[in-house]
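Here come two complexes built around chain A, the first alongside chain B, the second alongside chain C.
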Partner chain A sequence: MSELSQSRTATAAPRRSSGLFGIDLASPKHANKLGYLLLAPAALLILAILVYPMLLAIDISFHDVKFATLSFGSADYTLVNYQKLFSSPDFWNALRVTAQLLLVVTSISMVVGMGTALLVNQQFRGRSFARMLIALPWAIPEVVAVVTWVWILDASFGVLNWLLIKIGLIGGPVSWFSSPSTAFSAVTMVMVWKGYPFISIMILAGLQSIPEEYYQAAKVDGANVFQRFFWVTIPCIAPVLGVTLILTVLWVFRDFSIIYVLTGGGPVGATETLAIMTYEEAFNFFRMGYASSIGVVTLVICAVISAFLVKKTSHAIY
Partner chain B sequence: MRKLARTGAVLGLLLATTSLAQAETLKFLTWQLTEDTYGPWWEAVIDKFEEAHPGDTIEATQIARQDFADTMMTQFAGGSPPDIVHLASFEYQPFAANGWLEDLGPWIEKAGLDLDGWAGQNLCTWDGTTRCINLQYFAYIMGVNTALLDEAGLEIPKGWDEFVAAARALTKDNDGDGITDVYGTGLHLAAGNNYINDMLNFVLDAGGSWTTPDGKPAFDTPEMVAAIDHWAALIREGLVPADTTGGDARQLFVEGKVAMRIENPGLAGVIETSASEEMKPNLKLVASPFDPPVGGASAIIGIPSEIPDERKQKVWDFIAIATSPEMQELFSEIVGAPAPRPGSVTEAVLASTPEYGLVVEAMDKAAAAGVDRVPVGLETHYNELASIVREEIQRMIIENRTAEETAAVLQDCVSALQ
Partner chain C sequence: MKRTLPQSILLYTTLVVVISVLLFPVYWMVITSLAPSNALRSFPPQFWPHNPQWQTYTNLIFNTDMPRWLLNSAVVALAATGISMLVSVLAAYSLSRYTMKGSEAVGLFILMSKMLPATMLIIPLFSIFRNLGLMGSLWSLIIAHATAIVPFATWMLKGYFDSIPQELEQAAQVDGCTPWGALFRVILPVSAPGLAATALYGFVLSWADYLYARTFLANAAGNWTANVGIATFKGEYQTDWNVIMAASLLAALPIMIAYLFLQRYLVGGLTAGAGK
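== the complex of A and B ==
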């Protein structure tokens, strides 16, 4: 063997490393494979904890079962749960309540969130403290916050009734959770209180990213404060508003603990959303098949709303 | 000699390994482990079992009461139930109906356990087989604030008329600010089946019952209409704090803000642990004004049907210890209420507290009248029944309906359940 060929053999050996399963992942040809390999654990995890339960729930929803076991069903597929669901006044009531709550809580939260974000975006003394105060309801664990509200709103010994009576706004205690309208108002109020800080923080982040030059240019063009808000601020934060709106809508749609702890869905179904109905049917009345059908319908509605909102709100100005 | 020693060592090691392989950990989920009353009793049962089964251990886990049924259902549905099944007596039925609980008949027969006269045991019969053993039967008594009664010049009420008159007299706005400071009584008005448990006081007293003895709904009887009227009167007249849970009402009672509270005997323990030293002398336990008192089985124990037979044997051994005369007497002593085994209340225990006789008397009365919170024929619909009754009573009050109309609607709704 010549000196040259000996040298080639010596230098070529490490380059021909067989890699994983004989594939050289460092080679540009197999670059994609490395990507898939690195993503595989996460993808498997998602399949295990998201897709499998979802498929299971869909499967159970087509079986007329009270208790379900964690295995895919036999041949007894049926539409009975869906037939019962769509002919149930309780389901349509829950859908109506969910839609009402969605509309009221989302719109009020967006307005309050926007207002507080604009406020704490200004330069003033104590701004950091104000920002912290605004974020506070978001930081408190939901169940702790709601239990506190239950006591605040308590009809007999709650501080809110006491305060309203003392300042003369009401003549006697209001039973917040005993009438459909007051119960709905109470749930709305607590949900807005819990939800607006997130919106505020998101919008504040969006506001901070708007270049000051845009406002200066608008001022030079003679735009007043409202014109600057509608023609500079809103378009600039539109993508943030879009994402925030989607997240808020989904949060209101699936929220369970606030309503369950406050009213349990009552009185007379006034605050019974799809989430509450699903829980009641599954874990109180032990009708897993029926509860799964509500869950599947909820999933479909959520997917449709998300797709619609994403389409409508994903346009960036940049 | 050396060879013999080596063989001995190998055999010893083998035996130890075999013994370790047989040693098992039995999973036991309960909501009572951290309770002041039941906790020490369960610990005693666990200790006794572990003493009798060297190497075996009981892995006891505390689950919050409100999450208990969900947790158990999830575990059974997932195919990994706890080895020792502990459930509330009003929620075991769906588990039995689903075939998840072992038929205990052969185990009871083999062990020669005599369940004659065992309080509340009839509730454990499912489709003609015994699916559990009842661990407690109790009856309601009443807590009264004697200082408030004395101040109003009232005797301890007996019957509905005296009870509602006392509730009216005791409900007061002491400082005239438009807010009621003391309520005559407290009821569970929130979600959950305590709603119908509390309401059953009024139903039984009016001579009614949720269902007929053969399990048919009996909501539209005159007695039931009277009971609904009584219940609604307390709410409409503002004699009870609104929207409270049973726990809230109990707490308000020990704080002196509710004058009378009809409850299970656990109220004695709450007074002991939660009432202030100033308040304690005013709080007294008396017989329920309603006859017969509400009674019922409280908690059951059983074996899951899907575990291996060897484990079932060990779980049965655990049950046998819990139901033994020794542990049943200990239960009566520690818990402050009679255990279900006949003769478990000794003279010494009976003399230990002034309330014990009261509790035994209430339990005997309720048992003699065949009272149980879970209505015959609606065992698997108990939670739904509570939900329907609560919603219709709320509708009655909100829409100002009559008791007759409400009773008729309830009859239809409950009949549709079956």
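== the complex of A and C ==
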């Protein structure tokens, strides 16, 4: 540092020392206080609207609470909700449906997201426009997307049935929401459509951070396009893939709106995930305690999955 | 890298096919919204509006509650995003620049809150809002949306601030800026794209919400947001698909427009926190 700037620091110091809220910000001893001060509003907000409600939900899950008695303060702690939960076939069905959906939706949307990202990562004219279009479904609210798909899938006048009949894939119109397997397919389709743009955006950013020299070196070594993909591209974007996978898994796991508006969890529970079951128990049957116990189990599973994935993908998130 | 002609043709054909398939639902939404009611019950479907019916839109705007619902959505999304941004910018800057006891705990909380199932959180929030008398008020939504936006915004902005060299505000402080001044006059202007991306993300999160809006505003039809209104359309006006699609398009339009303008920054902002 030059003598000049040193002297400027010295003259500037007294002006700063008045500080904010009487904290002497100029002294390094107090510098961290500003750090705490800046963090405080967010920390308080998170405590008030996330941590406290979460503890409350756990607390409610240990009470036999019905809607009418949501003021449960004095009631006894009980395990009755969890006992009921683990012996309920509905819960095991919801767990199975959730796992199935997780596997199918995550894998398909990762493939579509990766494919579209690789496609618009090519050099061509109009590339930025193509990138914009590829990710456009991201900008459409879930409910709007679902309502649009309900119309596309309409049994009598839906354009998808017309198209499938036209190309000879099906003999007559399919009533998508009345059989378990087609309803599951419908949910999958909409979720992939809503989910792939985010994956595509993330992977594209990862692809752009790979230095071109890596590919040239691989070419010199005689690697073909598939070898370059598996030995250069994939390892380079592994951290991004990891984070994307975690966020996608958590999204599928917890999503409510798409399934609820599309099928309401039916028919016969074919699309009833843990999220749908939690909501139905809480706000249709008003069994708040029971619903909370499903929510707590969901949270525990989410935590286990993320811990596992975070470990696998090193410290990609933090 | 030069491409041969067949390779170029292959690339453009793939692009056109992929984009057409992926964006077909958006196209279908637009086409249906312009179709006359009787055309909706004809096979084969009309793939081009020969006789676009703009009055579907004017009807929707002048004769239904749609404008009010859109306004509610806007008020909630702006307020939730504004409050969240204010809090998150400060927190993210603190987490990025200061090493304090407890920073890690806060980081962990943020990570944790991204895992909380909203369907679980909504039960205690319902009880809290009922006790506070906020049920049916837009405030319940603003607060509930902040629960989702603050953690994500803090996370995104921390990644963004991390990518800005510390020397920048050190230089500003050498020149006589206070730490506040350095943050507001130097760091924030430099991170404008990151702020825009984060704000857009928060706005989208709030605008797209259906779960909280449906639950907290169930008995307050005047305060419904666009999504709640549209979801009721689905049940009630099963035949008027042109009206439903027009309403859907109106609800999607603000985000789509913002996305078109901010798309570039959004990509940078989303991945700044994830990269490494």
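Everything below uses one rule, namely that the second predicted complex is superposed on the first by the 280 of 318 C-alpha atoms of A that agree within 3 Å, B and C clash if a C-alpha of one lies under 4 Å from a C-alpha of the other, contacts with A are read in each partner's own complex, and residues count from 1 in each chain.
Here is the rule we use: a residue touches a chain if its C-beta (ideal position, glycine included) is under 8 Å from a C-beta of that chain, and two chains touch if they have at least 3 such contacts.
Bear in mind that the values here come from a model prediction, so they are computed numbers and not experimental data.
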item	value
When chain B and chain C are modelled together on chain A, clash or fit	clash
Contacts of A:283 with chain B and chain C, given as first, second, both or neither	both
Chain B versus chain C as contact partner of A:87, first or second or both or neither	neither
First, second, both or neither for A:269, with chain B first and chain C second	first
Touching partner for A:224 - first (chain B), second (chain C), both, neither	neither
Touched partner set for A:175, first chain B, second chain C, both or neither	first
A:56 touches, of chain B and chain C: first, second, both or neither?	second
Greater chain A contact set [chain C / chain B]	C
Partner chain(s) touched by A:162 [first = chain B, second = chain C, both, neither]	both
Touching both chain B and chain C, residues of chain A	70, 154, 156-157, 162, 166, 283, 288
Residues on chain A engaged by chain C in the complex (per definition of touch)	5, 8-9, 12, 15-16, 20, 25, 31-32, 34-39, 41-43, 45-46, 49-54, 56-57, 60, 70, 115-116, 119-120, 122-124, 128, 130-145, 147-152, 154, 156-157, 159, 162, 166, 193, 196, 198, 201-202, 204-206, 209, 239-240, 243-244, 250, 253-254, 256-257, 260-261, 274-276, 278-279, 282-283, 288, 291-292, 294-296, 298-299, 302-303, 306, 315-318
Partner chain B, residues of chain A touching it in the complex	66-70, 154-157, 161-162, 165-166, 171-173, 175-180, 264-269, 280, 283-286, 288
Residue numbers on chain B that touch chain A, as the complex places them	69-70, 73, 76-79, 94, 97-98, 100, 177-180, 183, 190-192, 241-244, 252, 257, 380-381, 383-384, 387, 390-391, 394-395, 397-398
Chain C residues touching chain A - in the complex, by the definition given at the top	1, 8, 11-12, 14-15, 18-19, 22-23, 25-26, 28-29, 32, 40-45, 86-88, 90-91, 93-95, 97-100, 102-103, 106-107, 109-128, 130, 143-144, 146-147, 150-151, 154, 173-176, 178-180, 204, 207-208, 210-211, 215, 226-227, 230-231, 233-234, 241, 244-245, 248-249, 251-252, 255-256, 258-260, 263-264, 266-268, 270-271, 274-276
